[in-house]
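Would you mind keeping the following structure in view while I ask a few things?
Residue numbering begins at 1 within each chain, and the chains themselves are lettered A, B, C and D in the order written.
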Amino acid sequence: MQALLVVAVAPLLVGLMRQIRARLEGRAGAGVAQPWRDLRKLLRKERIAPRGTSEVFRAAPLVLVATTLVVAVVAPFVTTASAIDPVADLFAVVALLALGTVALALAGLDTGTAFGGMGASREMTIIALVEPTMLVAIVALSVRAGSTNLATIVSSTLHDPARLVSPASLLAAAALVVVIVAETGRLPVDNPSTHLELSMVHEAMVLEYAGPDLALIELASAMRLTVFLGLLANLFLPWGIATTATPLALLLGVLALLVKIALLGAVLAAGEVFLAKLRLFRVPELLAGSFVLALLAVAASFFLA
Amino acid sequence: MTELLITAPIALPVVAAAVYAAVGWRRTTAWVSAGSAALVLAAAITLALDTMRGGPGEAVGGLLRVDALSAFMLIVIGAVGLLAAVATPDYLRGEMLTGAASMRTATRHSVLVQLFLAAMALAVLAANLGVLWVAIEATTVVTAFLVGQRRTRAAVEAAWKYVVICSAGIALALLGVILLNYAAAHTAGHPGLDLALLALSAADLDPDVTRMATALLLVGFGTKAGLVPLHAWLPDAHGQAPAPVSALMSGVLLSVAFYAILRVKLIADAALGTGFARALLVAMALASLLLAASLLLAQRDYKRMLAYSSIEHMGLVALGAAIGSRLALAAVLLHVLGHGLAKAVLFLGAGRMLQVTGTSSIAGVRGLAAHQPVLSGCVGFGVLALIGLPPFSLFASELGIARAGFASSLGWATAAAFLLVLIIAAALVGHTSRMLLGGPAVDGPGAATSPRPLPVSMGAALIGGLLGAAVLGVTAGPLAELLSHATSILTGSTP
Amino acid sequence: MTDTGYVQALYLACGVLLLTAVVILWRRELAVIIRVFALQGAALAALAAITAAHQGSAELWAVAAGIAALRAGVLPWLLRRALVESGQAARETQPLVNVAASLLAAAALTMLAYAVSQPLVALAPSPATQAVPVGVAVVLIGLFVLVTRRRALSQLVGFLLMDNGITTVAFLTTEGVGLIVEVGVWLDVLLVVLVLQILTTRMRAAFGGTDLDDLRGLRDT
Amino acid sequence: MNLAATGLVVAAALGGLSAVVALVVPTRPRPVLVGLGTAASGAAAVTAGVAATGGQSFAVSLPELLPLFGVSLELDALGGLFVAVTGGVAVVAGIFGMSYSRHGIGGRSVQSVFPLFVVVMLLVPVAASVGTFLVCWELMALTSLLLVAAEHRQRPEVASAVRWYAVMTHLGLVSVLFGLLVFAARAGGDSFDALRRADLSPGVAGVVFVLTLLGFASKAGILPLHAWLPRAHPEAPSHVSALMSAAMVNLGVYGIARVGGDLLGGGPAWWWLLVLGLGAVSAVYGILQAAMSADLKRLLGYSTTENMGLVLVGLGAAGLFASSGQRVLAGLALAAALLHVINHASFKSLLFLAAGSVLHGTGTRDLDALGGLRRGMPVTTAAFGVGALAASALPPGTAFVSEWLLLQALVHGVAVPGLATAIVMPVAVAVVALTAGLAVATFVKAFGVGFLAKPRSAGAQQATESPATMLVGMAFAGAACVVLALEPAMVLPALARVGGVVFGSLESAVGGEVTLRLEGVAGVLSPLLLALALLAAVVVTVAAVRAPGVRAARREARLWDCGGGPMSARMEYTATSFAEPLQRVFDDVVQPELDVDVDHHEESAYLVRAVEYRRRVADRVERRLYEPVLAVAWRWGEAGRGLANGSVHRYLGYGFYTLCGLLIVLVVLR
């Protein structure tokens, strides 16, 4: 149910963000539903197998979508009661999302082109720094909750809202924001709308994809953004989430989630307008900074425990 | 019967020497030396069984005496002597091929080697410290010409240094013998120089005189045992002597000299307490190890490398003797045997390497394993045995010395010693691996020779020695009891 | 022989021993050194004879005769033969330490010998043991000669000097160590000298001289 | 005789028999017989080990062996775990070796040493006295040394690796030997029982622990004594590499657990902080070097350092918890560490075997020269893929589970009071996290560059699949990886029992059958459900994409080449270029040496004819720590030669001065 929601909302979120950027830049914009229309078009196209690529190339979009789907199913977006509780672990969620990225990077390498390799290399450099930051930030959040189970963290935050303003929490939030930006390939780390060789990261890896495969990747990217924003929202602003399974609570949960995601997306999009892309080799500095923030968060949670 | 048996280890080699002197070295007599060594070994084993069953025995009016310790040393002499003797015919033939030796040289060689064996047997069987001294000095005289056998400049030089340094050192031991005799003359028991009596009445010896005598004896016999300070003859002599003689000198002669030190220490400990001899031995041991390490690190000649490794092992043995507990002394004796076998194999192998490659420089030998697999294997395993890897018995004995050392008050000295041993092991492995490993050398002196297969009897000696050391490291078997008896003698307790 | 006569004769012989040792250190000509060495041998034999006369022991007389034959006769003869073989060039010793310093060193060594020998004297004070420091001093001087003299022949002399010193100590302390051992020791000494003499000959053939500084082929530097 | 005893005896007998068989049979059937014998021996050992972890024990004393000391053996749960792991690796390595040994290493000596190596590795965790332990430990060093030297004729680097390995393993032995002998001397006995009963002062216990830790850490490839590992592991024949990297290094962990935990009985917190610190540094350093490495086997070797570092982090955390009385957490951390040992054994043996298969098929292990192997060597590619997934700590891989447990333990480290914990725990978390991130990049590089894309050399172009036995060996290892990844809960009871041996009776920390359920702290994870969910999601996606009537057939198309014509393999990203951004990030840590030669045309300095670019990532620890030591040793050696300058006067002078000095001392002291 949650997954369907995420699938449905994700392209709309991207559309919303594009629309906001367009408006802020003084353009009319293509409308919020444009990503959905793009996806429909791509899905109808012919399937292409670039010469010399293997199963890895073909399987990557599936893995990417699948990992995001699993996360969408298990993570507490609408309700704290997870569908598959033994998987709803923060570490598992982060690792699953990383798995999707890895699949894409392998696909990029598999093409054997310079672009594919370049994109994979850069993406792996980024993820090598992003993943640790996420894990550390998670630890910072879970030290006080005593568990890394998402539902547990969220419900413990609900019970004890004062925890949110603790230094550990704030530092972790800041770190998470930075890495989510990096992980989802937004400015200033990567420009989702560029196709300039020297600056591409994500786009370089997916350069050879076309048709339905590309549709899957675009969808997955949008879903990942949604998932991350949703996680961010519920980890730090869990209000509104359903703690019981009554229809009313659920409905309230859905609404709260939509509002939160839309707000975060809007802030992100607005922010992007004012940012230029960083040079690739400056990105690690940013990520290292967020890593340190996360580390400080853990340290704070240990010291203040 | 026992009397005859006790004199046999001395008489047999003398007879063999006479045979060589009379008939000369030739095809028919080539194996006489091996036979004599084998008989010495057999006699040694019989004597060992006798002493274990019936206690010490005497011969020649009490001048010769055999106890478990002497019997053990005789076994070492016999075993290493046998290895050397088995490899000798092939070695001499190889020398003759290259023109480095003639039939006459071979004859002289065989006569002297037999006398050498006889002198060593006399040394360990001597009941009297004076006779022991005479026998050890006799080994110098006998081996002088063996060291100088090649008559090259280097050989003459080595022989000169050998004789002068050893004679000077052993002269100090003589002074020590005389002082001990003096001290003994002024005790109630009048033990003279009889080792057993001296040990019994040692408590009455004048401590000051005994102290001086002990110092002189340790330095003096230490010379022949290759211990610092008068060690410097050793690398020259071992490097220049023919391979079987190097094997005997390094494998047995050093240990026989050390046997004298052990006997002296037994008396000194009873007279002075354990502190004095222990302090001296520890100092000599550490200095020897330090010296060996210093000279092995950048060594350029593989025969000298083996010689310095002998100094190292004598240093370890001295350390074990200094520790002086039962375990340490048993380990010392085991080490003497294991080292004798391994070092004999290595010197025989090194002699063969010299014949095959024509150079004794480490840099001159490359990729030997590629064209001399068996020889390289033996040398490689020999070095591994030397650095104390199991299954060779040197592992057990070094472990024993270390174990005893840490249990005694010499923990720090033991730690320092084993660190030096580690450095030495690193140097040995480094040098050896450079010679043995790698692809076949394309040019240079190491490659110029055609692959000559290892002669069968030489190979048998090499592999036999290694197997012996390995078996000994797995289980000492019946030797364990002999070791226990010998250790009891050294600790002055009853088994 | 009276006791005072015995003591005086004993001390005279010991004096000659020490004096000859110092003279060996002092003189450069090998021929002179060998002659002095023979004199020392004679003094040693005299020492043995004096002891023999004092004790009235036939065995000691035999030993004294042996010493006279070996140390005043055979060994100097062997040395002289070696010297003749070696020719004109090698007639002088070339000390590594100059003669004045050598003599000073000898004095210091004698002091050391005296100091070291105190317990030996203290064990059984008697006229004979009072003279033990002389023997020890000769041993040390002999070792010093070995260390500092560059000719093969002078090293040989140094070794024999040590041996004379040891024999002196043996006589002064315990009238010898038993005949068998004594004979064994003599035999060994004789053989060592023979070996060294042969090696000197070979050295001359191989190196063209007997300068020990030429013996630097075997080294690790 | 119970199953443990029988299994162990059979394993030893089979190993010995194989060694003898190798000596007597002719060349052709030799590798097959030896491989089969080794595999059978390994299988018997697995049985024995599993039985031992199940609670059986076995003790025997053989006083006749090893003169002066005697041999005594005892198999308990802790030993059983390592026996089982070693046996498992031996099974796959033995099968793999049956055909792998045919090229160049089928000689008598190598083939007879191989099973012996397995046997002595099985005996190390069974040794129950100081002498026995040291002799087994050193036999293990000897046999592995001989195996590392196996290919010395083919490559000059082997000799250098042999030297490094021999010296460093000896250094480790001396360290362990010092520690154990001081221990035994104070305890007054050699048997482990006597050591357990010994009452050591804290100072002595600390010395013993640090000395043994140094030696054991060296064997496990832990910094700073790791330098032999990235040399010896790559140069050994690949199935030997697998044994060394997946089984032998574990014994270092075993040693720390046995001595620090079992024999010394825990100890103060600083011991374990030290272990944790060493582990943390090694983990990061190892994976960084692996990420930079372009040599496939060297990469795997450094990855071993990383994984052993993680294990030590777990072990250190367990000790820390135990020392402060947190028994549940100690059990959790120890379970994480031991599970990682098992996991690492499974995926590292798989990876090394796959690397061996690559080497066999292409003749090179240089990633920059590989690529495109999936066409010629599909099974090897799949095997390496499984291994890489397992190694990179991503679900549904093996390492993910153990690292998850490890992080869980660290998260709860807050329960241990103290400033050191408050500093160390967050750093440890950061280290584990950073390691996980870099491992992902490393194995994407190894798999993506090495096996996917286009071949970069003729060797890779002509690669053909390896013989069946090699594939079977890899398949076994791969199956172990998969099973461990999906159902790790099955080894948990054994781990709990092992934990009882190491830190006294620990409460079972992790339970569950399908789901790992942490006891005492909140935390659940079900790798199996996760994998199923992932599978289901893939199926759903496929169904969803297929549903709208999209044509299933694919049309082949040209790659995007910017219109410049077909792309050649030279345009591909290589392993070196792949790692370049990471290398820039960690420039200060790894300090690579760059060497750029630009060759200009004669006419103009602006026209470049050729650019030569060389990059070498030297081991920085080596540079800083080993080179000065080597330089000192060299100078010492040079100076030491002056002691033997050939002058007989100087030689006699040594004696003269010593004698005078000695006499003066006698005079003074009287």
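Simple rule for what comes next: contacts are C-beta pairs under 8 Å (C-beta built on N, C-alpha and C of every residue); 3 or more make two chains touch, one makes a residue touch a chain.
This one's a predicted model, so the numbers in the text were calculated from it and none came from an experiment.
The interface with the largest number of contacting C-beta pairs joins chains A-D. Rounded to a whole number, the gap between the C-alpha centres of chain B and chain D is 43 angstrom. Chain geometry summary: the mean Cα position of chain A and that of chain C are 99 Å apart. Centroid to centroid, with C-alpha atoms defining each point, chain A and chain B lie 77 Å apart. Note on chain placement: the centre of chain A and the centre of chain D lie 35 Å apart, centres being C-alpha means. In chain B, the positions touching at least two other chains are 160-161, 164, 168, 172, 208, 212, 235, 295, 298-299.
Within chain D, contacts with two or more other chains are made by residues 640-641, 643-644, 648, 652, 655, 659, 663, 666, 670. Touching chain pairs in this entry, ordered by label, are A-D, B-C, B-D, C-D. Remark: chain D residues 291, 371-372, 374-375, 392-395, 400, 404, 407-408, 410-414, 421-423, 425-427, 429-430, 432-438, 440-441, 444-445, 447-449, 452-454, 514-515, 521-526, 529-530, 533-534, 537-538, 540-542, 545, 548, 550-561, 567, 569, 571-573, 577-582, 584-585 touch chain A in the complex. Against chain D, the residues of chain B that register as touching in their complex are 160-161, 164-165, 168-169, 172, 208, 211-212, 215, 219, 223, 228-233, 235, 291, 293-299, 327, 330-331, 334, 367, 369-370, 377, 384, 387, 389-391, 393, 395-397, 399-400, 402-403, 405-407, 411, 415, 418-419, 421-423, 425-427, 429-430, 433-434, 437-440, 472-477, 479-480, 483. Within the complex formed with chain D, the chain A residues making contact are 43-44, 46-52, 54, 56, 62-63, 65-67, 69-70, 73-74, 84-87, 89, 91-92, 95-96, 98-99, 102, 105-106, 108-118, 120-122, 124-125, 127-136, 139, 142-143, 146-149, 152, 207-208, 210, 212, 215-216, 280-281, 284, 288, 291, 294-295, 298-299, 301-303, 305.
On chain C, the positions that touch chain B within their shared complex are 116, 119-120, 122-124, 136, 139, 143, 146, 152, 155, 159, 162-163, 165-166, 169-170, 173-174, 177-178, 180-181, 184-185, 187-188, 191-192, 195-196, 198-199, 202-203, 206-207, 212, 215, 217-218, 220.
Per the touch definition, chain D reaches chain C in the complex via residues 640-649, 652-653, 655-656, 659-660, 663-664, 666-667, 670.
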